[in-house]
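Paired with subunit B in one complex and with subunit C in the other, subunit A is shared by the two complexes that follow.
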Partner chain A sequence: MREKIIIGLAIFAGGLLAWNMNTIFTALPDELNQGAIYRIIYFHVPANILGMLGFGLGMLLSIGYLVTKDLRYDALAASVTEVSLVFASIGLATGSIWARIIWGVWWAWDVRLTSWLVCWLIFGGYLMLRRAIDEPIQRARFAAVVSVLGSVNAYISYMSIKWWNTQHPQPVLTIRDGGGMAPGMEAPIYWNLLALACFSAILVMVRMRQESFAREIDTLRRMAHAQ
Partner chain B sequence: MFLRLFLRDAWTIAAKDLHSELRTKDAWNASIAFSVVILLLFSFSFDPSSDQVREFSGGLLWMTYAFAGALVLNRSFAREVQNDCLDALIASPVSSAALFIGKALANFAMLFAVELVSLPVFVLFYNLAWGAAQVGPMLLVLALGTWALTVIGTLFSALTVNLRLRELMLPTLVYPMMIPALIAAMTLTTDLLAGQPLGIGIRFLVAFDIIFTVLAVVFVDTVLVG
Partner chain C sequence: MKSIPFAGWHTPNDLEERLNRNVQYMLLGLGAAWLIMFTYVVLITLRERKLRKELDRVRRMVESASADR
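Now for the complex of A and B:
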């Protein structure tokens, strides 16, 4: 059943992405001030939204683990955080490419960029911590604590463009009091968000399967050692 | 009543830590020596006599504190591993939160003392202007920034105490977590040393301290007991 869902989602997301790419690259005109490079927003914004939402979801799942002590929550939190870290990396990389063209530098040390990089490091540390602990229950407990503390920084990063005057652009999406984009240019961002969200769901499902296999192998090994 | 018991327990733990530290002075000596060494090392990476130093002096100072502080904070729970003292502490009637607050208070006192010693050295070495009007606000920034470092450092000291990669994991986790507080403390210190009043960063620092103290007190039981 899970196989079928994964394949179905992949076909849907692939089709949606292909159709949307066609809109982005052929139907939409270049932006007045930025030229062709503005198109990177169609990947930069969805990837970062997924990264940020994923870190938040990881926090909720971690709290879910701490409340219920059910290791499935922990496995799901780990999978979601890992996939979110990939999307955060894509967000950082695409932002850096855009900055090189528009600002003339690969990196600017403003609050938004720095706080997001800090988040990336914290959740990278989260994954490293998971690898450093062999005992599953201890690993779940410690990882959950780091996830909750790290999410405070994710929230700081989310709010940073409101709290400080940043070089990073202010919100452009109408769902976040922006509305700076021309009509027709904003919709493809949401379509890409949907397509990438489907891809991230697929990655989480694959990762969850690996986690359950890993747990099964771990149990078998413990049983073998016990005998 | 509950609060009084809690504070009494926390104070007992803090006094115990401070007593044992005062007897050996291990972390204290190492931390002061290390902070002077870092200040010396910094002087080679730029011209220490230039006026520009004032523009990033806050950054230098807090980097020194963050690194020297790690020596104090690392040992906070690690020293309890010998003779199974940590298990005894957890089994004692002291609550995990009181244990944490006690340890944090002891660490705060030690770190603050180290800072008070290295601050004049720093001002002297880098030839910074120093007015009487800045002492009060400077102490406030030091206290708030140090509490942020202490709370995060102490919680992660508890978290990594039994890990096989403790020495590697602690700095990897602790420094990124401290960065927002460090940035605020650095900016405020630089402003003060340039003769400007305290900026809006102080509110951020207070909020950071409150949020992370609450989170640490809530989660320390999960970390220590499970």
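Now for the complex of A and C:
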């Protein structure tokens, strides 16, 4: 059943992305001030939204683990966080390339960029911590604490463009009271968000399967040692 | 405070060249996004293969241990 869901989601997401890319490159004009480079927003914004939402979801699952002590929450939190880190990496890389043309620099140490980089480092540390601890319960507990701390930072990063004056642009999407884009230019962001959300769901499902393999290997090893 | 050098000094003056640069960086950005995604997909595929192999190995080990007893 899981395989069929993965294949169905992959076909849907692939088709949606192909159609949307066609719209972005053939139907939409260049932006008046930025030129062609503005199209990076169609990956930069959805990737960062998925990164932030994923870190938040990871935090809720980590709290779920701390409350219930059920290791399935921990496995799901680890899977969601790892996939979210990939999307956060895409957000950072695409933002930096956009900044080189628009700001003239690859990187600026403003609050939004710095807090998001710190967040990325915290969740990178989260994954390294998980690899460093063999004992599953201790690993889950420490990782849950890091996830909660990292997600607080993700929220600060999300709000930073409202709380402080940043070099990073203010919200442009209408769902965040921005309204800085023409409707025809804004809609493909949401379509890409949907397509990338489907891809992230696929990746999380694959990662969950790997977590269950790892648990089974661990259990069998314990059995073998006990014999 | 250390100031950031004005990058405009390094940008080409010719409009056409600047537009080309704009398109090149857009393609670089989209390429980077796909490269990161593709690399991750390759990495989890390799990890899955490794885990399946390991699972088979440990299963065989447990089965042979119980058969010996």
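Odds and ends about this structure:
Just so it is clear, the second predicted complex is superposed on the first by the 227 of 227 C-alpha atoms of A that agree within 3 Å, B and C clash if a C-alpha of one lies under 4 Å from a C-alpha of the other, contacts with A are read in each partner's own complex, and residues count from 1 in each chain.
To be clear about the criterion, contacts are C-beta pairs under 8 Å (C-beta built on N, C-alpha and C of every residue); 3 or more make two chains touch, one makes a residue touch a chain.
Here the structure is a predicted model, which is why all the values come from computation and not from measurement.
After superposition onto subunit A, the modelled positions of subunit B and subunit C are compatible, with room for both.
In the superposed pair of complexes, A:Val118 makes contact with subunit B only, with no contact to subunit C. When the two complexes are overlaid on their common chain A, residue A:Leu60 makes contact with neither subunit B nor subunit C.
By the touch criterion defined above, A:Met208 lies against neither subunit B nor subunit C after alignment on the C-alpha atoms of chain A. When both complexes are overlaid on chain A, the residue A:Phe142 reaches subunit B alone and has no touch with subunit C. Of the two partner chains, subunit B is the only one touched by A:Met128; subunit C is not.
Centres of mass aside, this uses C-alpha centres: at subunit A, the angle toward subunit B and subunit C in the superposed model is 100 degrees, to the nearest 10. Once chain A of one complex is fitted onto chain A of the other, the partner contacts of A:Asn153 are limited to subunit B, with no touch recorded for subunit C.
Within the superposed three-chain arrangement, the count of touched residues of subunit A is higher for C, of the candidates subunit B and subunit C. Aligning both complexes on chain A leaves subunit B and subunit C separated at their closest CA atoms by 6 Å.
In the superposition on chain A, none of the residues of subunit A is touched both by subunit B in one structure and by subunit C in the other.
For subunit C in complex with subunit A, the residues that touch the partner chain are 4, 6-8, 10-11, 19, 21-23, 25-26, 28-30, 32-33, 36-37, 40-41, 44, 47-48, 51-52, 54-55, 58-59, 61-62, 65-66, 69. Listing the residues of subunit A that touch subunit B in their complex gives 66, 114-115, 118, 121-122, 125, 128-129, 132-133, 137-138, 141-142, 144-146, 148-150, 152-153, 156.
Of all residues in subunit A, those touching subunit C in their complex are 34-37, 39-40, 43-44, 47, 86, 89-90, 93-94, 97-98, 100-101, 103-105, 108, 199, 203, 206-207, 209-210, 213-214, 216-217, 220-221, 223-224, 227. On subunit B, the positions that touch subunit A within their shared complex are 152, 155, 159, 163-165, 168-169, 172-173, 176-177, 179-180, 183, 211-212, 215, 219, 222-223, 226.
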